[in-house]
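For reference, the structure I am asking about is given below.
In this document, chain identifiers A, B, C, D, E and F correspond to the written order of the chains, with residue numbering beginning at 1 in each.
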């Protein structure tokens, strides 16, 4: 078991192996992702009952919540991949981290924008400085910082290392940021505007949500594969296997 | 193609290759906006009262920070020296550089400010005023800022010095810009403030390039 | 004398010869404070309410701007390379540089902030809180900022990038610092916030130098 | 189907605008996320192919 | 790096050089660098400014190029003060200083294109040829930051091949060039002098092979 | 600039140099700079890295100095990887790169003092003597920004006279030196090699006079 894991780890370190295997894996993520997203969307939009309080605006939940969950998870994944790169010098990890950043940021943006749009009919305002919302906004800032830094560095190696260092520092800070924002919020904020509490959701509402969450995860995986494959090609472009690949394409 | 247009084109190409040049001021703008509710008070009513001022202060600071790099790279790599050696008009060069700077900082800022003002709960009536006051005001910020940037281009830790030189000059624009938005928000007339900004824009468009040209020459006569 | 103490001494001498290095952050602090009454509302009651937050925001921005130069000069003139070549601990070097930075930015700022808070009509009870929250908070700003400064030292227009990288990390300090002052102003307990700042200071004093050392190495391995 | 008619489905009570805006933006973001790596890949292939052609030409000249 | 693509020399330039220094004196920091220096640069002259470090070679070169007005005496172009006919003068001389004015994010071709934008008669073909001659064929489309120090200098020197000016003013042009590069540049200088051009140059390198060479020795440093 | 003040050479250093490269390979941007390079630097060796611009001389030098870890193969100091005995190694070699690590606001003496702070045994007197030998007597108390390029380089080179290390690693040390300076440095290198020291150097300058000289030719640029 341990040996098998170790072998997998070493193989994951091999870009060529990853490139070849990911081509075979991609459809196994992409097709279920599309299915889940389509089924979940249709179910959520057309078949799930309306919320008795919020009416139909509640259907936004089917993208809002999956996007919010993923945006947070993606940051942790990016930081961990960066850490693996820094500690074990595994280049694949750096490329995965670089691939995650824009995807995570766009999901973060989606969570924010769908939340804001949802806020208008429910709270009568696009934005309030609620703890949850604020910490999501700060997460977006963290993503921006990492991406801007990666862009600004001149060489591939420094860009990967700088991004990794910053995302690790950010990861350590996330709980602190979250704690401070929540503490701040409970002191300042009149508790009138709150996200719906852990409402006991009806089954017909919950199942499409779960399907959407699974769909978003699969989509996320697909996107990471696609981007990481590009990173592999770019960084290995002078290796003979990539050269052959490119020649064969013509 | 003259050296002026060639330089404008070149600077725009550089900005296009470094998206950070125009994205970073925008992100900074957003972040500074977020500081206030966090530090002061997130109550929507309160925010709606300070929104006009805070949005303007944030826009001003974002412009200020982006100015640091305006001439510094050109001084350090010798581009400016070549410009001066070419015998072409430094006045035109100054205007060209400011134009490019505004395109990559003031203009995007003006375009997104109304969106971000939503977060500050800006009164509905004030959006037009915010947009137009920024549209007239940000070019002035770029023009005046260019004077400071040119003066401090040769200085090592120029960023902070630049702020000190320029902030006092920015005060009138800040006052008129913010008050236009504030007055619009409480339903009052704000054409006067915009008029002031427009006329100030005309004056600074004609005068500041001279100052910029003079300051740039200073950096070189060593 | 070891290289660390020699460097601290040298940097302090440099700061003494360039008074701008420590005066500029102070003046910037003052100017940002002055912007708010002008842009928002000069009513003393209103000011007294926002004073805590605005003073903290201004202190944060002043620190941010002074960070840009922290490692840049050392990278560009080869000092850092020599440091690395010397084989001495980069961890110690990072701490030493941050210490000097705090001495010439955070410390003077902490000392004058109570004076300037007078202008913002800060409630009488809040002065002690302002002083102590800044005394504990500004070293954290310097420490976290050093990470950003080290990461962006090799980058051309680093100033803005640095802000983007660092601002989100500054939020908890801003929140606790400003709220300590605010609560003191309305006669409430603020030991909790100071406690948070103190413990955060301890954590960042032990951890950030590693990140700084790692980031500095990046700038050299070319 | 929860809705009685297609028009009702589009209207979503009074919240049609918000719901459809959300789903529209989401669709755009997802499509952009899918297209970006595909275009990146295409560009990479073209660029590298051009480079390899040039290298070959240089090698044969030398 | 041979002169593979000789330019059509009959058309190379229409005016000839007639630059003269009259009693030029200059001091920096209480120290007289040179005093009452007079000399002329005419058709076919190759003048090397020699002298130890800090003698004032760069200073003299810059004031001859019209980039520095902080001196006593007069520099004339065809009997007119260079400042009063600067536009004219600038089109007749090419100045390449220590700094190469290369933008790192742009390609060699884009950089060269900017350099010659004041000379609309220079064709795109000529630029490609020039880059080929400085052995940068194949590097035309690579950002300059990926080139070595010597290669970047070659991009700057490629201007010598495309801009039709009779007078070249060059400050340490041999820096960072390898042996082949040095030989090529020497040959180019000889060619330029032979076809009736003039060169004013500083270099610690011995330019012995060119018969037209004249040296001006600047004061010994103390 | 003669060797007026010879140091007590018997005490100059206690260890000798034993540095070896084993199958070192390095590539940058798709291009192999060198491959499977092996050589040793022993007592009395003077090794010059030669090759055209962009051949990778600086890169090789930096990795031999332990400043760059981005390569394949191994560099050893007395049969131990330099990274694992870095502290030790660092005290036995002196690295002077392109950048001189001179702080412009400090005087030559203060700069030199910082350089030697890791060697407490170096006396203040030795520093004065060293500055005198590089013909900077009288300039000890003048801020370095008022010195010319060559004079600043001399301040950096003065370290060769005071730090007792057997191995010198020098990147283009002749840059900006005038003829007297070049002769002096050549003599110093010969002396160092004669007394049992070792030198690893890059220079486009021909070091013909020193018998111990060995050249390592790096690949031709393409």
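Note that a residue touches a chain if its C-beta (ideal position, glycine included) is under 8 Å from a C-beta of that chain, and two chains touch if they have at least 3 such contacts.
In this text the structure is predicted, and so the values were computed from the model without any measurement.
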Contacts common to chain B and chain C (chain labels): A
Minimum number of chain-to-chain contact steps, chain C to chain D: 2
Reaching chain E from chain A through chains that touch each other, fewest steps: 2
Distance-maximising chain from chain D - centres being C-alpha averages: F
Chain pair bearing the highest count of C-beta contacts: B-C
CA centroid of chain A to CA centroid of chain B, Å: 34
CA centroid of chain E to CA centroid of chain F, Å: 32
Inter-chain centre distance, chain D versus chain E - centres from mean C-alpha coordinates, in Å: 51
For chain C paired with chain E, centre-to-centre distance based on mean C-alpha positions, whole Å: 47
Touching two or more other chains - residue numbers and ranges from chain E: none
Residue numbers of chain A (touch at least two other chains): 138, 141, 144, 148, 152, 154, 157, 181, 184, 237
Interface hub residues of chain B, defined as touching at least two other chains: 18, 20, 24, 27, 31, 38, 41, 73
Residues of chain C touching chain F in the complex: 1-3, 5-7, 10, 13-14, 17-18, 76-79, 81-82, 84-88, 220-222
Partner chain C, residues of chain A touching it in the complex: 86, 138, 141-142, 144-145, 148-149, 152-155, 157-158, 161-162, 165-166, 168-170, 172-173, 176-177, 179-181, 183-184, 187
Residues of chain B defined as touching chain C within the complex: 20-21, 24-25, 27-28, 31-32, 35-36, 38-41, 49-50, 52-54, 56-57, 60-61, 65-66, 68-69, 73, 156-157, 159-161, 163-164, 167-168, 171, 174-175, 178
Complex contacts: residues of chain B adjacent to chain A: 18-20, 23-24, 27, 30-31, 34, 37-38, 41-44, 47, 118-119, 121
In the complex, chain A residues that touch chain B: 116, 125-129, 134, 137-138, 141, 144, 148, 151-152, 181, 184-185, 188-190
